[in-house]
């Protein structure tokens, strides 16, 4: 961390700050320029004490020089993280596809979808048993019964299961049923939940918050990693912008940026990212071209009848078409669909 | 809810939609214009089935015509909601002031602050025992011990206590210690937490999410109200914008807008809303001039030494000045400080 | 346009509104529901008079039912617009590549870049002679002399020239030198400039404003089209979001959305869209996979020495690599590079 | 400007950067920390060459340490700027009120409004002759004839005139008619226009761009100041946020922030800032409480009949009420209405 003093800051001011830095357990390193003095604050995690220094007399600005995320960063783990999850490789050049309905609605709906996405080449089954909804007056999911149906679908098709957990109390139950636990966008900064999923032995799919920056997202991952669960998968699902035609704005820039900053695998969700089924295939192809390690796609036997997210769900036939298109792009950018 | 058909939508398409509306348990009301047909969907909460209709062939757009929030709206409760909380009136023309440190750090810090803000005219003591922090590597609060200190400060000063609860498991404990439970901005859409605080008999201060719209905020309030807890206080604490000089952008427009849409009392937090102590007083005055029912202000005996939010905390002397300025503006707009 | 009356609106209120609609030259079409009356306002461009009606007593909300853009919409022109520009087809399945330096800096810089991008397969040369800069204290471009150098580069390489025009007075001069006139993001709503480029016989590349919605962008295009210049090319160059790691957020969602709403060709600029050279290639590939009709790429002989945009400029070698990668993806999605 | 090298940057990398800095005409000042080397770049306006350095091998980040705006900053001009404009003081403790219709529509409309706002205590008459409109199909203003009517209204009432200029060619004509030239939000970064109004001898009211940061706004002011016109007045008129209930989000935080950073007077426009007449008075009062030097308010003899901005325009009676409320708040914060 660097403190840039104001022009005209006095010597006593500089001394006072140096003293304060030392009280806080850090070392100060002075560098007096022509009209500006710069003080380096040296020691582990110095940025933590920024707030204790920033308004001292004479301080101009304080600049972090190391990134606040550690375990999720390339500096800590230069190689791509690669996990083996329910028979498939996640990260490291392979391409996974998680597909299924927004919410588990019935045995029949789930089973038929699981079979269809399996046949088309999906590697995991997605489906929500617990649903975070903006309004308390809409369908809130099937809960534990939904989890049982997901287990049944796994048994029938062999597909690993991805499902959302919304609150610390449910983590144990969901971790028993699921192969990958999903933390939703609205819970990206639900720290108690992050700690809890940080203590299970299942991978966690961490969705990006609706208006989170990439740094905040990696810091959320840090909560999980710092509790000992190293199997975090990041999922870009669209951010909030001024655009209202799309439901969200799928931010594919995050893919190459994260590839550079972090070793964690990155999955792209063009269903939530766009909000309309006809835009899902082009954005899925774009996600793969940008370098994503996987896709998450909503599929429903009859989108017209879906309890939620019908407009962005693909029919079985459209999911097949998407898989064909995605395969072509994957080959073009040297990536292989996990089988 | 109104369905506007595309130009050139065919009769069979219209019929199909009418049939679907009736299957879903609603009534359809047709109105054929020169080149556009409009279908009214009539029945309770029709907007819930929007997703089942929006992508049917021929549909142009679907427009909600009733507001999605109910219990928080003026239509349901035309008079201002007024609560009596620990001896003071909240809402209905009075002006409350919640003041205190960002986090409870020690008995001494808390006690001296409680006494100072009481002397200057504050009506409640604020202070965090559980702290949501962006990074897992920073101070996370004193927890239960902090709650005990808050109780002690209440006993000593007579000030009611406002403190944050972060997770459903802690609601009972916090509700025992606090007079008002705070739900923080990052938890505005933590639905399990909202349900839980919806079942206690203490008022809830619901902060606006970092990039939440006013409608989403009222829907979050709806989660609490719909569980039977009618004592919700809204707290505007700044939204995220492109501006980086301020920590957040305090959105005072929300005050007159909420006054019109909702009966719930509105408190303004210029400390988080601006992020810098020197901007707190002008924005506190502006909040009162805009019509707020209360203020929430961070005060610390020695902001330089604060574990968190030092830059935006007022010294005791500056809090006194703020109170004097606020009193003047309150009088000018016909509002009275609760005493 | 539809007027939805408030619940409980009175008959005289409805009559007053109908009268007002007729005074304004439109027809009113009433539809009384159980508790809500709806009034259709029928006639050309009814939305224009929205402001005259929205605050009349009893009005709940007013909803536009036709899109405000016309000439740029698919409804007006269902087929893709295709132009022949300096020997290449723009739109309609082909893929164009505009490449070159941010700013024209010298004859040598421009000539060597023009030759390099031509050799690598670019179809047009880009380069700014007039530069809009956030600060008045930075390089503002070579002006007319820059235009002359661009003409020279075209003569030497056969590449058509794309260059920006910033103000109505310069339109004539730029239109003489350039094959495509560029209107920059900051000028997307500079209406006098839009009118002026709407009167020349050269195609206009219209960049999306920094925080413009797609509808506002199409309305800006409408200014040009409505003056008789039908050769508009839209260019997505990144929007402003909360992310600060990237310079802007390239919004590829705009590609499939515009493909659906509009017939105009769409070009993607990953150089400005990301701000860093190492992210340009993946996002260029993603843009093509999403369905773009072209790319705009900044290339510089020595990015370290560039007067502007060095960090996002590709070297000649990196541009060659990008072209190879883009070709692969283009083939995978059935699109052919113009040659 | 400071360059922070990456951890592990090599000595040759550091030397290369130092050499490059010197080539660019600046001095380098090295400071080697334990694991990070920092290079100060010393010389006038060093930030200009940031782009030439940021991607050199070994560079971690580059940090500006002086603010990019100069003439608009408090460092350059510590006292408040105060102008005498058409008989009233602007800035320095007085409070001005600019009121009138959005657009000049007719002699009668303008004259009656001018008389009414004068009687209620306004200090200037506002009214648009040239109107920037999002759609080319809506009313675009009366042009030169509108200017003549404004002159007439000034002659009749003695009120100084504020009116918008949209394009460089019109600056001369508008400057002849107006006492204050307005540059609208959409033109905040129309640099040719800024240069042109920088050369006239009339004050310029510079509105904040729709999603401009405060720094970008001050840099736009810098364009005008740097051409020799020192009479710039800043006008906060609402920024774009995710909120859709309000037309824009009036950012009152900008008032205390600008007061600290800049010496230029600040006017607040709650009409555009909120978009609805019933929210104008509370936000006008809030603006004054926050410390604004003036208000800009839209007033219309019959808002229902207004060609534009009717919903946010006050009737004469409501403007009178607003003035009474504003006077009370002004007294409370020690500010006096100019008379």
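Every chain is named by a letter (A, B, C and D) in the order it is written, and numbering of its residues begins at 1.
To be clear about the criterion, a contact is a pair of C-beta atoms (placed from the backbone, for glycine too) under 8 Å apart; a residue touches a chain by one contact, two chains touch by 3 or more.
Quantities reported herein were computed from a predicted structural model and do not represent experimental measurements.
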* Asked: Centre-to-centre on C-alpha atoms, which chain is most distant from chain C?
  -> B
* Structure fact -> Of B-C and C-D, the pair with more C-beta contacts is C-D
* To do: Return the distance between the CA-based centres of chain C and chain D, expressed in whole Å.
  => 27
* Structure fact -> Here the gap between chain B and chain D, centre to centre from mean Cα coordinates and rounded to Å, is 31
* Structure fact -> For the pair chain B and chain C, the C-alpha centroid-to-centroid distance in angstrom is 39
* Structure fact -> Residues of chain A that touch two or more other chains sit at 211, 240, 242, 244
* Which residues of chain C touch chain A in their complex? -> 211-215, 239, 241-246, 249-257, 259-261, 273-274, 278-279, 282-283, 285-291, 325, 328-329, 331-333
* Asked: Tell me, which parts of chain D touch chain A in their complex?
  -> 2, 4, 7, 29, 31, 33-34, 36, 38, 40, 42, 60-61, 63, 65-66, 75, 211, 240, 242, 244
* Structure fact -> In their shared complex, chain B is touched by residues of chain A numbered 20, 45, 48, 51-56, 68, 70, 132-139, 166-169, 186-187, 189-193, 210-211, 216, 219, 222-223, 226, 240, 276-277, 303-311
